[in-house]
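Two complexes follow with chain A in common, the first pairing it with chain B and the second with chain C.
Right after this comes the complex of A and B.
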């Protein structure tokens, strides 16, 4: 089994990417649970579980899509988009797989201390996403393709598969992702 | 009280007749004068038997409090069947060996009605009219000596009411409870004068009741009738109800209102057992094993003015507290579980403003609906409430619920029409006029009331509730009679919200050391306009079914803030538009049942072999099956779209100005079946986005994420499991390798099993919009097809 290990140490503080995407202060020391107790704004939720996409197929039954036990049909999901009016479509096709994770946390807190003194300077409220200890990928796969039509059942449909991706194994993720507004709202 | 222009066919003073009516039902000792005709019916056998036909009208009955009057107009007591007929009364009076007065009474087909209630200072408007039809057959025994000795009285009362009908009418439209049947037994009621307080004590009152239907009529000619005389068909009905109860109560009544004259009342009731069942075409929604108690302190009744100086009948409350427990909530033989609510309504300061509890009854209702209607200038202060939900023995408590508000609520019975420029719909219209309100929840507790306060209130978002919300509300909800088929409910509504502040994530407002500013992720400067048309609600064999004809809304969030709702840093502006046609929701009892989490398999062994965890989540819980049909854009108001704006210019006070920054527009999002199967020229759109969501309160696996002590000083190693200590609420330890006994004490949380699937979801275009340069399309269409996403998630509140 392949194991992907992603350690977010030191802890990253990332401003909202859709604002200006500027990572801030990547040299902070991680805080333990006890130290975090000194940060005001308690409470939150702890999420665990699994999410599967098209484990046995999707709801469409036609000449292209079918159940996963139908050898001549595609049972994955499909996402198509185009960047040019009247142009062709970029496609993520045959998307399926299962993700299982444990220990994703979510809360809002104020950081005004710690982080080697940077916290006092930072002095802001943030959304803290506590990354799960592990994420297990089981039979995760998709294809990247180019297509003449959005629907594979449209007249004149042609598609060129560019590459296929398959993922299997565990990803170890530690640390917290801090999200906060920056710039001009 | 005084009689003004009384008109009585039987020649009585009106007050005396009212006394006789009350006597038959609520055990007063007043005697009734008889005229010659009535006396002729007196038969001298054992005791005295009185028989009479009563038909009486009065133009006006007035009550004055400190010189301010409220008038009941168009009063009539007579037969419910014929306008000019009298109601038959027979009263047999007997004196027992213990000097008790025994009355047996039979009242047939009586109607008590009045056309208007008016306030002296509000000419031209009225609260509307009421009517009450009934037949009574009962006994009443009156003995001297009350509960505290002296000159009091003791009453034993038992009666059966049949053919009951209780209606409310405004501007020719009426809503009424039809075919009411009731059996009541109240033994040992005592009436005493203690100091200046009239005390009424009912040690045991038992009864059962049934309401055959709640019917609606927009035709003035069918006023007070169950069937339409032209068609012979029953009037449309909201459904039928039945219930039973056993309770005891104590009431103290004193003279004197909140100012000067008036009435003061203290009351307490204990509900030993009760049930309440709603039937829709024979399908039942049942609340069983109801118990509880409540105490009312210092309720005052005055004729006074509200905070705006408008004349009103003022009901002002000192304090109301109580507990209500519903042992089982059932539909179709399945159970959702049980609910418990404890509450305290009392004066409190919220956001620097003092709130109390008061209702000021006024006439008029919505000004465009006509002269008749109710306007309730309302103020409330829910100082503290805890709401708990228990299923399969697992309890979770939404702790520290507070709510406050002030504004007008209007009530009219309306018909489908445009009147004075306002659109009205068939049914009972509940309007909101300048209602400024809010609520907030402090946190969750799991297991017991004294467990540690935890976060996690954001889990309510899954049910469509914000954990905290302040808003200014206008609009209406009109409840029409009749569902998708037969009985049920049809809802039309137009809701406008301004200056909203809603929490998506909310920290506690009080962590135990007094109130603190509530931190969270907030949607502020929020306005909302939402319309719902022809939404039917029915109880079916499976559960509560909701089907929406058409619904569209626009939510404009001026700032998405992190931290304080007042001045937290902002991500910018967010606008969400929704447009759905033909969406449905089915709420069913029962949760996920047996589930394989993190693996695959339909049995414990196969699940475990795949690396999953087998969970047996019991029979109770909630399952919601939703089908959302996102319709194609009709215009700029009716469409599904998402807009995010930032980098806005600011006004002189530093507030961002909308539409001056850069905008990202995800435009015209809609579902489709993937082709035009029915050949009408457009793609079919019947499948939509279908989601089945099962929610249980269940033990969840929580592992420690770092070595060493946690935020509460409990030590463990990374990967150790959090295990609760039985019998010690909120106390836990970390266990490296938990055995079966430990796993039985895992912390409680919400377990969610969800499946979402759709055939096709499309986005017409994604644009960047510059304030001067206009739209620039980035994505010329996107299409997602054939998705089936399944999730097993556990959400555990953490301290």
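Right after this comes the complex of A and C.
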């Protein structure tokens, strides 16, 4: 029901080809354990692109779902989950829209300084996801609902829409998300 | 092999295949050399860890712009789908929603903030239920930075940026550090049918939610998702005011200083249950605590004459401060009039059932 399209800039494609090429180079020599231990990944990934969800409609075409230009049909994606055995379903419904972003970065970074004195005590690696300064939302919408059946085409379908959200334009999202292992089971 | 696009793609394909195969040959050789068996004792020492999250130099802002001369809006943020009791559509237009650093002047000057500390981050973790009073369950926990000992923590109201002034681990902004407390606010207006309300503004200064969590697990008896929700919200100033549509004239500002909310919905003895009923309505329920059996508790309620185990159970249920909700406001003022302090303490939710109802015709 959901179609994701991710367009990445040629830069990433080139670097992917380049990576593929390395192992077949004639100059390769095995690295010893000690030498390998000194290798660290540097740089990271820089992503620009857009993700669209059911911009024109999903792949399911039936009496309920259809293309977005068919007025009597729903074209957004639907995600239903059940909270109780034999109970009804919570639904994220009519999910559609386009997110475009420039400059989402991903890298591994060692933090041993800053953070108001926490960095020095922390002294570990984190995965750093650099948020793009702004994300352009085009006709992004979704609905939170509660439904008696998982699919709207199932018999006895009843649904209560709790609320729907619509977002459009540039959303400011600045900063870095740091991800690292923490806690105990 | 013919020359042309086809051969180029075949070449690329071969090239990649060779690359994959050479990796394939290389990797096992390396990994075999590195593998060593772990003994039983070493295995038992291994802990799976949860995920810690910190947002560094973070700012979020979105809203709805005024339409231009052609009636187009470049930014829209709307919440709709709600119906009034008369069946009219209710639209909430969010003019501005922001999460930013301290001293934003009610969202005018957005600054950056850290959310979570490296040493006490936001956490997503599966925890052992036996450690938190939920017997023999693996519990999924989403948690804000935890509270810490008052000898090391910071004043939750932000009165002092010195360690040892309170129990919050997130630090207020100081001259040399942006801190981990956020100015958060929303400006919105509500439309019911054709009536559009004035703009309503809600702002919290230097807010912190340390010690909040959501715990989820499956209940065997009811075959249902059960949970425990705790929200701690502290802000030195929470304010609400209303302005005209054009934002030029505003009413008096309602200010609640030193605002502290500690809300507990569901606890380990009385979890909150989530469900959707057969007609597609959402149900949230906190079941009443089981009544004591006949003769388990003495008529005068004292321990002497009661069943010791049953008495201890109810003593823990009624005495545990973690199960209680509190709200306190240091000073409540409207415009330049002060109404003093307000405090509601020790509320215990003994039974709760909330059910949505569809008003759509």
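Convention: the second predicted complex is superposed on the first by the 139 of 185 C-alpha atoms of A that agree within 3 Å, B and C clash if a C-alpha of one lies under 4 Å from a C-alpha of the other, contacts with A are read in each partner's own complex, and residues count from 1 in each chain.
Just so we're on the same page, a residue touches a chain if its C-beta (ideal position, glycine included) is under 8 Å from a C-beta of that chain, and two chains touch if they have at least 3 such contacts.
Given the structure is predicted, the values throughout are model-derived calculations rather than measurements.
S.K.: Looking at A:106, would you say it contacts chain B, chain C, both, or neither? Reply first, second, both or neither.
M.R.: first
S.K.: Name the contact category of A:78: first (chain B only), second (chain C only), both, or neither.
M.R.: Only chain B is touched by A:78; chain C is not.
S.K.: Name the contact category of A:54: first (chain B only), second (chain C only), both, or neither.
M.R.: First partner only.
S.K.: In the overlay, answer first, second, both or neither for which of chain B and chain C A:119 touches.
M.R.: Once the two structures are laid over each other on A, A:119 reaches chain C alone.
S.K.: Touching A:151 in the superposition: chain B (first), chain C (second), both, neither?
M.R.: Touch status of A:151: first partner only.
S.K.: Tell me the contact category for A:178 with respect to chain B and chain C: first, second, both or neither.
M.R.: second
S.K.: Shared contact residues on chain A for chain B and chain C?
M.R.: Residues 33, 36, 82-87, 89, 126, 174, 179-185, which sit in both footprints.
S.K.: Which chain A residues qualify as touching chain C in the complex?
M.R.: 20-24, 33, 36, 82-90, 111, 115-116, 118-119, 121-122, 126, 128, 131, 143, 145-148, 158-185
S.K.: Could you please specify the touching residues of chain A with respect to chain B in the complex?
M.R.: By the definition above, chain A touches chain B via 16, 18-19, 32-34, 36-37, 40-60, 62, 65, 74, 76-87, 89, 100, 102-103, 105-110, 124-127, 130, 133, 136, 150-151, 153, 174, 179-185.
S.K.: Flag every residue of chain C that touches chain A in the complex, lowest number first.
M.R.: By the definition above, chain C touches chain A via 15-16, 18-20, 22-23, 26, 30, 33-34, 47-62, 65, 73-82, 110, 112, 114, 117-119, 121, 123, 125-128, 138, 171, 176-179, 222-225, 273-282, 356-358, 360.
S.K.: Which part of chain B faces chain A closely enough to touch in the complex?
M.R.: So the residues of chain B in touch with chain A come to 443, 453-459, 505, 507-508, 511, 519-521, 559-564, 568-573, 597-600, 611, 644, 646-648, 656, 661, 664, 674-675, 687, 690, 700-713, 718-719, 749, 752, 757-760, 777-799.
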